[in-house]
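There are structures below to look over.
In the two assemblies presented below, chain A is common to both, partnered first by chain B and then by chain C.
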Partner chain A sequence: MEMIIHHGMAILLCLVGFHGVFFYGNLAKKTVAWALFQIGLIVFLYSLASSGAPLPSVLAIEVASVTLVVTVLLGLFCVKLYRRHKTLEGAEIARRGSK
Partner chain B sequence: MREHLPILILAVPLAGSGLTLLVGFFSYRLSRWITYGALILTFLLVWNSFPKLLSEGPWHYSLGGWAPPWGIELLVTPFSAFLALVLLSLALITFYYLGHFGLIAGLLKSRESLGGSLLLVLVSSLLAQLFVRDGFTLYLFLEMSLVAAVGLHLCVARNIWLDGFYFLLGGSLGPSLLLAGFFFLYASTGTTHLDDILAQLFIAKNFSMAITAGILLTATWGWHFFFPSPIFFTRLLNQTPPFILGFFSSILVRVAAYLFFILLFFVLNVPGMSQPFWLTALEYLLAVFFFIDFIYAAKQKDFLNSVAYLSVAQLGFLFVGFILGNKSALTGVLMELLSQTLVVAGLFIAVGVLSLKPTGAHPISKLAGLGRHDFSAALVLVIFAFSIVGFPPTGGFFGKFYIVQGILEKHDWVLLIAVGATIVFNLVTAARFTWLLFEHRKASSFHASIPFSAKAPLLVLALTVLLLGVFNQEVVHNFIEPALPKAFTNLPVPNVPFLGKQVE
Partner chain C sequence: MRIASWFFTPLLGFLLFYTCSQLPPPDSTASHISIRYVQKSETETGIRSPAGAVLADYRGFDLLATGSLFFASALCLFLFFPGSSRLEAWFPTLLGLMGFAAALALGFLSLFHGSNFLDYEALTNCVESPQARLDGALILTGSALLGLGGFLLLAIRWTKAPEGPGER
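Let's look at the complex of A and B:
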């Protein structure tokens, strides 16, 4: 319980992101939701870094780098799909693709 | 040089990847041979580590000379090295088929070079996952393997952007959950070194944290374990060449299963911890859920879909071993893991070889009478099918034998019924499949004979499945037993690794 109060913001971001990845139909929104989940983890690390330990800050930078790379890659997929289908609704693109 | 073998094993394919990509701009042929060279050299490096591994036991290697838990440690065990050899062999086979596929599908030569480069990145990151003993480094390599896998997918398939997106997103959610699990553990133990986490959890007796992290670390593998179920990956199955699906389903998924084993029994297996009833019930349901996929596999009319269901369903045996957690069951799990890796790869490759077309439908009915047309191809399929059943002398038989032994030792009658019913069901299905292969009917789809060059890797895989069974005693004694948790290895050392703080 103490952990939930102390790391409330991080847990909230992770929950919102996790929910978004599963329940958004729009691919761009899914990408943002995944990035939110990762940001939640970075916030969690920074709250641990406040205790004076150096490792969480280093880990946070590395997680941020990975998040940036994967988000850019997912973004590129979105751009490619939008140019081809003029929409980013996953179900709509799948329906057109199966025709 | 010899003392740095563990890091060289990871560095060679990574360096080869860059070189393959660079040379690919000038000469596709040279680029192809560099890929082969990097894979073979890595294979030889792993092979050279065996004398030390078999005589002295697991090889602890500290990166940059920084001892764990402060530095990053690579731990090469006889089993992880053996699995690395299987991984490299399958990577060689996959690259061999990539060249063939490129010709059939009219793939651009530049894509083949890029594919070789990405395959080497994938191999390097998977090898790192087998050896690394640090939670955060594990996350980095897991993410790296997924990005490389998506890239490889894009290289060999057309119009796969949507599926590539879902592959990357769904796959990346797993490492994110892994990271969340490790951060929870870090918050309460102050370490990310796998063995040290167990020691610190034991000292703090923090069982609730172990269970919470355990749920997150289990959820990590959700995407991996359901790949390539036709329920979730229908479009991907239809658009991806079977040899790529085979590499992913056998290596990507089975390496994940091995990591799951490491996390369960070397990180979270805190002595004295008991699981709540709801969690145990959930584990049983999960095992049964996987077994149900055998029924779906038997009902399919498409060979590729059937093989995809079989790939997922076989994980049920591993889950049963994890639930039992005793020495016999875990021995069976690792034996079964090796056998499944070969069988799954072999079956997917067989789909590709027998259909003689890059993608699309692969009706099982077209296999009728294959045995009368091409005996060796049919025999290979029979060996794979009976390894899944657990028929002697295949590797699959000994995996299931040890798991059933584990069930009997623990008197778990629920699992005995589930496993027994699955084996009987699979026996009937395999018998029907064998009948189909050898029945008196003209094989309509096999007017042209299958070239030996296309079949050769399949024959090697089938032979290895048999050899795994024939030499099961040696495999268990030399490779599997040293990889089990310390409580089961009959060594005069305590069950808890003593790193970091002293244990009273």
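Let's look at the complex of A and C:
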């Protein structure tokens, strides 16, 4: 029970992010949800790194780098899609693309 | 997908809570390998920070693999852009893939031989040696930065790609 409380925030962030990735049709919201999921993972790894073990902090650094780079790329992708289709709704973009 | 989300999220929540309940207390997670990293990393690698030593040296191949994965993904995405069938787009792609394959082959040889592949003298003499670790760390870090550079190139290409519905 103590461990669940200790990692509660990380789990909550992961769950909110995971739910958002599936739930939202808007690509910008999906990107934010994915970033939240990753932030949850980073928080979890940092809470493990508090015991002084270097491996979790290394993993946290790697995950943070990946999250930053991929989030920037997804953001750019959203901007490009919005300029082209004037919407970020995935279903609408897919409908136009299949025509 | 929305219905799936209401099904999978509680499932993931259950799995995460169960996993966390099985984790050992934070104080007992310092295993013998972590203790070695903290106590001997500077002597063995020349890098002061234990996290830096793990990132660049002890787990340098992981970093190289991560960087290579980024680079390969960036190159694959690069080919989706308009004009990517031209030679100037394929040439860096093939060059990058060849570099990726060469790095993996060197890594395989290193692991197979049991020595640091950047210790050229030891490698050519077929002698096991833990020398030249700092050099190895620097070059592996550079490889990872190159991988991230691939993503930056992709981002620049992405922002400069032409607009409009008929661009593809």
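In the analysis below, the second predicted complex is superposed on the first by the 97 of 99 C-alpha atoms of A that agree within 3 Å, B and C clash if a C-alpha of one lies under 4 Å from a C-alpha of the other, contacts with A are read in each partner's own complex, and residues count from 1 in each chain.
FYI, a residue touches a chain if its C-beta (ideal position, glycine included) is under 8 Å from a C-beta of that chain, and two chains touch if they have at least 3 such contacts.
As the structure is a computational prediction, the values presented were derived from the model and not from experiment.
In the superposition on chain A, A:Trp34 makes contact with chain B only, while chain C stays out of contact range. Contacts of A:Val72 after superposition: chain C is touched, whereas chain B is not reached. In the superposed pair of complexes, A:Leu48 makes contact with chain B and with chain C alike. Contacts of A:Cys14 after superposition: both chain B and chain C are touched. Of the two partner chains, chain B and chain C are each touched by A:Arg84. Shared-chain residue A:Glu62: touches chain B and chain C both.
Within chain A, the residues touched by chain B in the first complex and by chain C in the second are 3, 7, 14, 18, 21, 48, 53, 55, 62, 66, 69, 73, 77, 80, 84. Contact residues on chain C toward chain A in their complex (touch as defined above): 1-2, 4-5, 8-9, 12-13, 16-17, 20-21, 23, 25-27, 29-31, 33-34, 37-38, 41, 50-51, 53-55, 59, 63, 66, 70, 148, 151, 154-155, 158-159, 161, 163-165, 167. Partner chain C is touched in their complex by these residues of chain A: 1-4, 6-7, 11, 14-15, 18-19, 21-23, 47-48, 50-55, 57-58, 61-62, 65-66, 69, 72-73, 76-77, 80, 83-85. For chain B in complex with chain A, the touching residues are 136, 140, 143, 147, 150, 159, 161-162, 164-166, 168-169, 172-173, 176, 179-180, 183, 186-187, 190, 192, 235. Contact residues of chain A toward chain B in the complex are 3, 7, 14, 18, 21, 27, 30-31, 34, 37-38, 41, 44-45, 48, 53, 55-56, 59, 62-63, 66, 69-70, 73-74, 77-78, 80-81, 84, 90, 93-94, 97-98.
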